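What follows is a group of structures, each given as structure tokens.
Each of the next two complexes has chain A plus one more chain, namely chain B in the first and chain C in the second.
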Partner chain A sequence: MPFREINSKMIEATVMPGQRVFSQRGAMLAYKGEVSFTPNIQGGQGGIMSMIGRRVANEATPLMTVEGSGTVLFGHGGHHIQVISLAGDTLCVEADRLLAFDGTLQQGTMFMGSQGGVMGMVRGQVTGQGLFTTTLKGHGAVAVMAHGGVIEVPITPQRPVHVDPQAYVAHHGDVRNKLSTALGWRDMVGRGSGEAFQLELSGSGAVYVQASEEKL
Partner chain B sequence: MTTYPGAGPVVHDPMTLPSDDNVNNYTFCVELKGSQWFLQKGKMIAYYGSIDFNGIGHGRLDRLVRTSFHSPLHASDWVVAEGSGKMLLADRAFDVNSYDLEEGNLTIRSGNLLAFQPSLALKQSIVPGFLTLIGTGKFVAASNGPVVFMEPPIRVDPQALVGWADCPSPCHHYDHGYMTGLMGGLRAMTGVGGASGEEHQFEFVGAGTVLLQSSETLMAEQATGAVPHEPGVPGGGGTPAGHPQQPGAAVPRLPGQLGDLQRRFGL
Partner chain C sequence: MDAQTSAHCDSQARASGTGVGKEGSAPRGRFRAISAFGICCRGCPAGYLRHVAMFRLQGSKVLAIDMTGDAVKAKNGSMVAYDGQMGFKKLSGGGEGIRGMVTRRITGEQMTLMEVKGHGTCWFADRASEINLVALQGDTLYVESSNLLATDGGLRTGTSFTGLRGASQGNGLFTTTVEGHGQAAIMSDGPAVVLRVSPQFPLTVDPGAYIAHQGNVRQSFQSGVSFRTFMGEGGGEAFQIRFEGDGLVYVQPSERNTIAGDV
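Let's look at the complex of A and B:
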């Protein structure tokens, strides 16, 4: 795994010749050795078409390519960092939460409506994810930022997990998610519990939840 | 002091507070026994005992300031604490740690230094925004996340640098390799593609230690004690926008109240 957690807010990545790491621009804290940081016009992998796709989907965060040989420390804004290692499965995460990820991972964009149709689009609006989300697939590690500490909640087929949409960070595995509502007359008169919308995740995998309802 | 999960909060009194040690990761306790400490303004959160806080530039403290405070630029940000008692220092929920110097030197970002013993001499560093401490003694510094110690040679983002010790030559390093060549020229001319934000670093070589933190960026300022602005929460931030309160209305209207209907009905 190229990422080593130094403390809850800092990770160390080892870069070797021929390997690439993508990271958010300005997230480098320090480095040793000969490492170059090149701003990435395409905002990640793939050709021009995937770049256009990301621009249209508003999932184009400013990324940079880190190449060379040495070690790099990453961190951003004092946010907590969670390193997630993927073994062939797909991670769904908002692009602006990505701190750094392996160049070997395949980056893509997913339309929220493809999971659950109109309800999926509503879900995207409620969680602040918008209509699109970024997917990363393959073998490698991803460093994800969150406000407050992160806990990993496993999802098993028998036990679906309900998550506050604002505290949702990312999920991976074979997971179906849908928005469940608990709207009642109390919400209509402004006396709701404030927990009217929940994200229900079922299947098998894991969801990452931050200890704060604040966005990045 | 050990805490067990589920043991509840730890309650301290003047006897159990540590002396010149951390209370927890975010709070440091300094014990004063007729001694003096330099203290940055606003970093003291509580104290026991009788402690005086005097601004620097006070006539009585002239000698102390002359021997151990050589930074007129920062003089207005610092006070001298003296007396006897225990005081607690904290800063923006940053991690706080104390460091001991023995005939050494350490340079630190001026905003991250909380307090130091007068046996150390404070000087302005040649690098703007940094202060150098020279001598023997203890000082207290804050960092966003735990401090990471690194050995040179290393290049550091200026924002992530907390300080350095015993490094003779901090210098600037500029990386703009991607701006060269044909594509780089186009990029530099048109501005297409943007900058990586990592063109400028501080470079450290030689023997010493470099101190790093996660970021200098502050956490967003949160109003303390204010109730959230939400429906159903009484007193949440006063009147909503677009409904200016009448100047005559002395009683703030609670949410859920039926506007002026109630008054009209004499309720």
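Let's look at the complex of A and C:
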């Protein structure tokens, strides 16, 4: 695993020749060794078509490619960083939460409507994800930013997990999500408990939840 | 002086990896700082831990409550995730009935609480504030309503008058009380320290850093205003709250904006 947590807000990435790490542009804090940072116009992998896809989907965060040999420190905006290691499964995360990820991971964009049609799109709006979200697939590590600490809640087929859409950070594994509403007459008359919309995740995998309802 | 740090503490707090008060930590100054999560249930009834909802901290900013059909009260909208079956219902006026509601309206000490009831685990967090667990054994916790995150369903909440102190904290003249047997979770900006007050050792705190206190404590307001203050040469510590008696005071490492801080 190329990422090592220095403290809750900083990570150290080890770069070796022939390996690439993608990171958010400007997130480098310090480095040792011979490391080069090249802005990645395409915003990730996959050639021109993927780039256009990301632009259209508004999932194009400025990325840079980190190559060479040495160690690099990453951190951004004082946000807490969670390192998630993937073993062949897919991580769904908002592009602006991505701090750095392994170059070996396959990056893609997913249309929210592809999971649950119109309700999927509504869900994207409620969680602030928009209509598209970024997916990362393969073997490697991802560093994700969140406001406040992050907890990992496992999802098993018997126990679906409900998450406050504003506190949702990312999820991985074979997980279906749907927006469940607990709207009652109380919400209509302004007496709601503040928990009217919840994201219901079921299947098997894990969801990452931040200790805050604030966006990045 | 013998602060009750004997590390007989909720095994849950230990399990969740939070720093439990270290035994024999050197006294700082005249009082001993007890780690924020070190308040234990010594002397509580034997059946206490069997008691319904289990509060535990996951990290320092997320509170996990395991529920088996019982209810807890929590700040409106503070749920971040749950598994199992949960129901959320707003408690109008803090759940103290009509009289409590009217009192809260009048005193301005409004809080919007919800009742969470169900089976499973529910996680709570609010704007990345640090969370401290407080075990109550029949005593009263005085806390500002904005710093209260969750309480056991069985604890009673109410309002009490604070006088001049409240005004100096920038919180108004009234504060929220929580009493009964059970646990409560309070929030602080940065990890809170728990300072012990005993008859020999009264404690003075900055009104902006005070978050809560419990026990049999008298509080008085003291001011260090002198002619220097009026010359604009004040040290920024013109007002303090002095606690005397026997109890615990929770202090956060951050100061709210108060009138006192400006002079």
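The criterion applied here is as follows: the second predicted complex is superposed on the first by the 216 of 216 C-alpha atoms of A that agree within 3 Å, B and C clash if a C-alpha of one lies under 4 Å from a C-alpha of the other, contacts with A are read in each partner's own complex, and residues count from 1 in each chain.
Heads up, the rule we're going with is that a contact is a pair of C-beta atoms (placed from the backbone, for glycine too) under 8 Å apart; a residue touches a chain by one contact, two chains touch by 3 or more.
This is a predicted model, so every value here is computed, not measured.
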Applying the document's definition of touch, where does A:148 land relative to chain B and chain C: first, second, both, or neither?
second
Looking at the overlay, does A:213 come into contact with chain B only (first), chain C only (second), both, or neither?
second
A:163 in the overlay: touching chain B, chain C, both, or neither? Say first, second, both or neither.
second
Touching partner for A:139 - first (chain B), second (chain C), both, neither
neither
Share the list of chain A residues that count as touching for chain B in one structure and for chain C in the other.
191-192, 194
Which bits of chain A are touching chain C when the two form their complex?
147-149, 151, 153, 159-164, 167, 182, 186, 191-195, 207, 209-214
Chain A partner contacts - residues on chain C that touch it in the complex
58-62, 76-84, 86-90, 92, 112, 114-115, 120, 123, 125-128
Residue set of chain B touching chain A in the complex reads 144-146, 148, 150, 153-157, 159-160, 175, 177-178, 192-198, 201, 210, 212, 214-215, 217-219, 230-232, 255-256
Under the touch definition given earlier, write down the residues of chain A that touch chain B in their complex.
6-10, 25-26, 28-32, 36-41, 62, 64, 73, 75-79, 190-192, 194
